[in-house]
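Please go over the structures that come below.
Across the two complexes that follow, chain A remains constant while its partner is chain B and subsequently chain C.
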Partner chain A sequence: MLKAILYKEWIKLRWAVIVIAGLSLLTLAYSIGMINYYIEFQGALNNWLYVISKSLLLRNIVFVKYLPLITGLTFALLQFVPEMSRNRMRLSYHLPISEKKLLLSSVGIGYAFLLAEIVFLFFGLWLVVAINYPAEIVQKALVSMVPWFLGGSAIYFLTSFIILEPSWIYRIIYGIVSAGLVSLYFQASTYDQYQSLWAFILIVALMPLTILFAGHRFRRGTK
Partner chain B sequence: MLNKISRYVIILLIIFVAALYLPDFYSMLFDKKVNTPRMDYSAVIDDFVYTLYQGMGQIEYRDIKGNEYSEREYFALLPFMYYATLEKWQQLPPTLKGVELSSKNIRENTQVFRIQAKDIDFPFVPLYLMFEAEPDYAQLMIPEDLFRLGNKIEFIDPNTNSVIPEKSERFQRALQDAGFRFPAKIIAGNPTNRKPFDEGYFIGDANGNVFHLKMIHDQPVCIKTGIDPALDIRQIFVSENLRREFYGWFVTNDNRVFLITYDDYKVRELPTAGKDEKYDYNADKTVYRFYTYPINKHIFISGDGFVRMIVIDNDFQAVAEHVETWTPYDKRSASVIKQFLFPFELATSTPTNFVKLQLHHFGWKAFAGITASLLALFLFSRKRPWTDYVLVLLTGVFGLIGVLLIKPED
Partner chain C sequence: MMEHVIECQNLTHYYGDKLVLNNLDLKVERGRIFGILGKNGMGKTTTINILMGFLRPTSGKCLVLGEESHKLSPETRQKIGLLHEGHLAYDFMTIRQVEKFYSAFFPNWKPDYYWDLIGKLGLSDNHKIKNMSCGQRSQVVLGLIFAQDPELLILDDYSMGLDPGYRALFIDYLQEYVREKNKTVFLTSHIIQDVEKVVDDTIIMGHQKLLLNMPLATLKKNFHRYEFRNAEAVRYLKIDDDFITNLEFVSNKVTIYSFKSLREISAFLDALKLTHDDIREIPMSLEEAFIGLTGKY
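What follows is the complex of A and B.
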């Protein structure tokens, strides 16, 4: 059964996965280009000083900040909007699998694709930054990306949850709460500003559970 | 069962967001600015004076005995502060207590610094610039490499992103010969060329000893300062000033402040504590300001609801002290009502420029809000699982919002 769900989600996501993979490569290329541009025109030493004191590197890799966010949103929309239009989800509920397992595996599969992108960006950026900068800057840059990745994960789970929710009033409430949650992960203006990231990770880890309640309400047909 | 858990996860997220934003919105709407006095010490009348903004463009100038002054009279009381204006008005007296009062003399004998929580602990990239302390040029030149200092000292060439072995070894040897124990714990310098000269870095080693490292004619000079490791230094600050009275200053873990003097690195303690502990310096909560003038030195310790001002003479002997207080933030009416309304608040910003999740709970005052929330839940929406009541009991109005918005499904 899981194989079948995987296939179904893959059908929905395949074009998006390919496009996002392309965008990820472009993001890396843009980052390399920007870093080299600044090193060329500022000179290596001046560039390092700007990177250290003015957080220039965070501006040069800015697409890494937003790409997981865009990806999370796109995947959630592509996976769950078709299910909700004309209540197609009802068909899936007739499958010989519990609704909880069904929902969690759909979300799990979508998230696996998002996670693959995050891992790719993380190691890609590691390579890109390590060519030009010393270990101290590389370490700060990598740690600074973690909240962005958490933000992308959060928007994926929360968007899926909002789409699955059958009532529009609830959707609006969830939308406001989600905006508050996602903005938590984009508060840094310089490197490595988040102290004790565990609390922020825990909040994202709780998010997939919200989907079950929305799915339950959908089954009951609550409006 | 899982559906119930799922509902509570949603409610928890709502409580979380509400506790993060609602108290902030409340403060944004209802907080009022409190005009606080700006203290100073007049060497003319040997007493504390202050200005207080009264609203509508009215400023009150007084001394602490209650005498009121005009603006011009007030400026004349503080020649070290307003010498340029007084000179323009031709009201700067030639001498005061035997000290020549000229713009030049005052400027050359004045030095100021401030210590805030965000100067002590902040996000930074641990790479440093070592200036040539005796350059061939008129001003300090930005060097062509950076260095890292952890388990060893290494200079890095940005053009090749690689270590410069020869220079690194030279500095490594200089540190070791001076008795430095790796790894370095504190590294303090002043990485700018907009200063009259360079004193390099003050570095705390693994044993708590402080070393002074600088570069003269491309050669490392490393001196063990002899500052007592038992002082338990938290952060050091370096500031090159032509007065050459002190290299810099440091804060210890027990909130004391010392100057590192040019007299063979002897330290001089500055006053931080006084009669009333409430107004002592606390590096995490208060701001420490130090002004040295030709006649005396002023110290301000300002915190929530108070400023303590201490005046010492040039031999660091206490001259006068005064504490001015006003209603601290959490005693103001808007803030008190907030503490009754909300049982706690969440915040992410810190005074040190980090992002960190913090919970501030308002203690017993929370019972008012919680009781009202429980009552409201009981009156308006009775048929509920007992867990909803427990949640409201724990989280007050935030929980009430959560459980009312997200109704239970069976």
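What follows is the complex of A and C.
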């Protein structure tokens, strides 16, 4: 049954997975170009100063910042809007599989694709930065970018939750709260701006539970 | 073997303060085709939603294949084929993809039923469901339900959006499948002429309650429409549960709908001193009986 759910989710996501992978490659190519341009334009010494004191790597790889966000949002919309339009979720709820297993496996599969995209981008960036800068800079830049990647995860879970929620009033309220919550993940513009990432990780880890809550409300017939 | 496939007791449901179902009792016997009829807003969709497990009743109990409808186990859901209003389907899938997807969930999957129906459409296996007409989609959905080989089929407004040709096709296949395999069907439709062709039992819903639950043959035998002319009748006759189920007056023509025989109605009119020399019974279709029971307004 899980294989069948994977098959269904793949049908919904396949083009987005390919397009986002393409965008990730373009983003990496752009990042290489930007880094080389700055090194050449500013000179190695100035570039070094900018990278150290102005967090140049965080400021100028702007596509990297928002690509996980776009990916999370796109995947959630593609997976759950078709399920909720015309109450199509009823078809899924009648399948001989428990409600929890159905919801968690659908979200788990979507998240696995998202994670694959994020890991691909993350390691791509690691390579791109590591070619030009020492390990300390690579570490600082990439650790500072982690909240953006977690933000992509957060937007995926929260968008899925909002779409699955059956009441429009609740959707609007959740949407406002979610926008505020997700924006916290995208505040960093300098290295080490966040004291700890654990709170961000914990919040994302708890988010799949919201899916069960919305799914249960739909099942109960909440309007 | 369980006697009733569906058994609802004291089913009551409110939407906010609005009472939609009031102590509804319902029993559906195995191996029969039940048609549930009712005007809009009479609680038909609410009943179907409760039976399908998408609404928890405010009070009362509804058992489907022995389990409460709002918490059916996956094993029981495997035995129930649902047709959702509007022939709901995963329309982002193709004909082949949707069959592959569903077949993984049902151990008794019978692909021949699906492909036989699909073969009649003359479409490629890669045809997307969203690019089909409502009639074509209905065949896909029916094929999927048949292939599932369920014990109970719940078909919510199966005729919605279908032209007469596809409606006839749907009914033909349904009848053949159900009779051959001894399945139980619970269906709703707005096209009562079609329901009449296929059902064994009729359930007619009135405001918040069941007006009638009986075999179609019994309804046709026992529910009568009488007509006579009497300009005075409008002053003396009124609807009552014992004799007159419904009444219509057009000019001096009186139409009485009743479960009583012609002799009993004549005696009743005699007692009221209403002349009715020209009284006669007018045969009714199910649709006319439905209007007779529920009224035109």
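Note that the second predicted complex is superposed on the first by the 223 of 223 C-alpha atoms of A that agree within 3 Å, B and C clash if a C-alpha of one lies under 4 Å from a C-alpha of the other, contacts with A are read in each partner's own complex, and residues count from 1 in each chain.
Just so it is clear, contacts are C-beta pairs under 8 Å (C-beta built on N, C-alpha and C of every residue); 3 or more make two chains touch, one makes a residue touch a chain.
Predicted, not measured: the structure shown is a model, and the values here were computed from it.
Trainee: In the overlay, answer first, second, both or neither for which of chain B and chain C A:199 touches.
Mentor: The first partner, chain B, only.
Trainee: More chain A residues touched by chain B or by chain C?
Mentor: B
Trainee: Thinking of the overlay built on chain A, is A:181 touched by chain B (first), by chain C (second), by both, or by neither?
Mentor: first
Trainee: Which of the two partners, first being chain B and second being chain C, lies in contact with A:172: first, second, both, or neither?
Mentor: After superposition on chain A, A:172 lies in contact with neither partner.
Trainee: Could you tell me if A:44 is touching chain B, chain C, both of them or neither one (first, second, both, neither)?
Mentor: In the superposition, A:44 contacts chain B only.
Trainee: Could you say whether A:220 touches chain B, chain C, both of them, or neither, answering first, second, both or neither?
Mentor: Touch status of A:220: both partners.
Trainee: Is A:100 touching anything from chain B or chain C once the two structures are fitted on A? First, second, both or neither.
Mentor: first
Trainee: Once the shared chain is lined up, is A:7 touching chain B (first), chain C (second), both, or neither of them?
Mentor: Touch partner of A:7: chain C, not chain B.
Trainee: Per the contact definition in the header, classify A:132: touching chain B only (first), chain C only (second), both, or neither.
Mentor: After superposing on A, A:132 lies in contact with chain B but is clear of chain C.
Trainee: Please write out, lowest number first, the residues of chain A touched by both chain B and chain C across the two complexes.
Mentor: Shared contact residues on chain A (touching chain B in one complex, chain C in the other): 220.
Trainee: So in the complex, which bits of chain A are touching chain B?
Mentor: 44-45, 47-49, 51-52, 100, 131-134, 136-137, 140, 170, 173-174, 176-177, 180-181, 184, 187-188, 190-196, 199-200, 203, 206-207, 209-213, 216-217, 220, 222
Trainee: For chain B, which residues count as touching chain A in their complex?
Mentor: 2-3, 5-7, 9-10, 12-14, 16-17, 20-21, 123, 125-127, 129, 142, 144-146, 148, 156, 158-159, 161, 348-350, 353-357, 405-406, 409
Trainee: Along chain A, where are the residues that touch chain C in the complex?
Mentor: 1, 3-4, 7-8, 11-12, 82, 86-88, 90-91, 93-98, 219-221, 223
Trainee: In the complex formed with chain A, which residues of chain C make contact?
Mentor: So the residues of chain C in touch with chain A come to 15, 49, 52-56, 70, 74-75, 77-78, 80, 82, 84, 86, 88-93, 97, 100-102, 104-106.
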